[in-house]
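Since the structure comes first, as structure tokens, the remarks are kept for the end.
First chain written, first letter: the chains are A, B, C, D, E and F, and each begins at residue 1.
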């Protein structure tokens, strides 16, 4: 089946990013297609490459990056939600004249059309809310 | 009176950082001393210098930076909570071998002892929860 | 020791309100802010807490379009909020 | 159209549960995950929803130390969760 | 309707709004998604329930809290072809909200009971809660 | 006790834990603060109430969800001089939790009713909810 995933909560304020990770992993292991993973609202915080969790805590950020690379997942971060919350790639950072950028390279910034399209193209949209 | 402020919520997931800003402003206008402002849990997201909210939205991040400068407030961001969530200064960024840093210069990273001490030294600790 | 209580969650958060009700005392003050100002729409509040002066943060009330008519709730500015913090011996924030 | 419902909030979120109860139908499936697994501690669930097979996500149950004894709730892996998503015609996530 | 009766899918996306406005970006970002859906010619329905019904109040003046006016976004929905705005009656009743007295008269709202809400879910391919 | 009776402040800080563990960092970061308070010789009391009582369950095995074990942090509290762990009885009762059957036996817990909780608030200089 063709599945898309929507993540709405930030890693330490909810389990959304973690549950979505485990679900996506299981879906891929079961041979399903993951059409797109979309990060919206506080879920965009999962796409930063700056978090440094303590050694004894599971690193959800890194795990998403690894999973994306392994399966070449289409991981999209909502550009408007991310800009508001300080998650930017190099291009956006320059455009807003900001001193740095922090979007992990495994994610791409794009608009809500990508979520709308994922819903239209997928058999199911699975939402991990906060 | 000697007041300290605790901010626990992220700017777009709660009104905590905004309400705390207005309260702190009013307290200073009324001649009170703000001993310390402490950012904990998802409140640390208020201390990033990367957010770029749309023009028609109030910029809570910038407003905190301006208020800190105007009154030389002691604004402390919990170092452990911030590291987990990807809010780092230059020193922490280097220590964790990360590609960038995003803590606004108006905030300093420190431990929970600073919150404990603020509570001991202040007449009131005003918490803005999420 | 008269205490200022602040409440920033809507009436839907029943358990939080019950905790507040069990802790607040006659002579205490209650300040509603953020989504707490939705209590102004309901009479529930006055029936549950007696001998408590209730304030609602003006800017949060106006933002949400809440009509304040014939209500026992007084509107407060952030300056009033600060004054209430200092006038009362103690402070408890409910959220 | 049989539907998979997922619920990730604890029983304290009464209004959310009521919405779910009003929407779920005999023949649907309910999967509890995250704090939703706390429903396994209470009998409340079985009395309220009939002819619904209830699953609880195993890892979330174990993490929280919830004993599963003589319960009508079945433990599910993430793979089961994926299968349930696909076996049912529709999906509604409650949070 | 019995469990076996055939159901027509009338909506690509049902957006459920369950949170009060202004204290978080939930309402704002949910309406952004509704507008995006309309832009891409998707059939979108909105359901206001629980604290989400507060979003419909007339005379909102968010300038006081330096926020964007939600009413404008709500009024814009119909220009994007989003015309199904459903409200759960009981949620209004519980909150002492009277449609004639408290609710934005410009909106073409449908008051639904629990039974009709079940039907709305049935008629929607995907449901996302905000 | 009447409103005028004198009250002794026995605690510098009362930490109220009202959220379930593991779905967010609330519990973890609240206990971090309690340990910090103990380290700095502050008098700290904890009150577990509502979903916060789930933090006290025995046989938690967060390895399954790749998380840090909360029980270890709870057991460590006494080493830091934090000995007042109060639990609201009604919250246990409502959740069908039985102290002998479900609750960590190593913890020295005090079961409190609503009246005694009021007294605990009275005896505390500051209250922070998590």
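FYI, a residue touches a chain if its C-beta (ideal position, glycine included) is under 8 Å from a C-beta of that chain, and two chains touch if they have at least 3 such contacts.
Predicted, not measured: the structure shown is a model, and the values here were computed from it.
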For this session: Would you mind naming the chains that touch chain C and likewise touch chain F?
Result: B, D
Problem set entry | Most widely separated chain from chain E, with each centre as the mean of CA atoms | F
Exercise. Which chain's C-alpha centroid is most distant from that of chain B?
Worked result: D
Seminar exercise, completed: The larger set of C-beta contacts, choosing between A-F and D-E, lies at D-E
Seminar exercise, completed: Between chain A and chain D, the Cα-mean centres are separated in Å by 25
Exercise. When the C-alpha atoms of chain A and chain C are each averaged to a single point, how far apart are the two points in Å?
Worked result: 39
Problem set entry | Contacts with two or more other chains, residues of chain A listed in rising order | 12-13, 15, 41, 57, 80-81, 84, 124-125, 127, 129-130
Exercise. At which residue positions does chain E touch at least two other chains?
Worked result: 22-23, 25, 50, 65, 67, 125-126, 129
Problem set entry | Multi-partner residues of chain D (at least 2 other chains) | 8, 12, 15, 34, 59, 91, 93, 95
For this session: Return all touching chain pairs.
Result: A-B, A-D, A-E, A-F, B-C, B-E, B-F, C-D, C-E, C-F, D-E, D-F
Problem set entry | For the chain A and chain F complex, residues of the former touching the latter | 12-15, 18, 56-58
Problem set entry | Residue numbers on chain D that touch chain A, as the complex places them | 8, 33-34, 59, 77-79, 81-83, 85-86, 91, 93, 95
For this session: Flag every residue of chain B that touches chain A in the complex, lowest number first.
Result: 10-13, 41-42, 45, 48-54, 57, 61, 80-81, 83-88, 92-93, 96, 98-102, 130
Exercise. For chain C, which residues count as touching chain F in their complex?
Worked result: 1-2, 15-16, 19, 22-23, 25-27, 90-95
Seminar exercise, completed: In their shared complex, chain C is touched by residues of chain E numbered 20-23, 50-51, 54, 57-65, 67, 95-97, 102
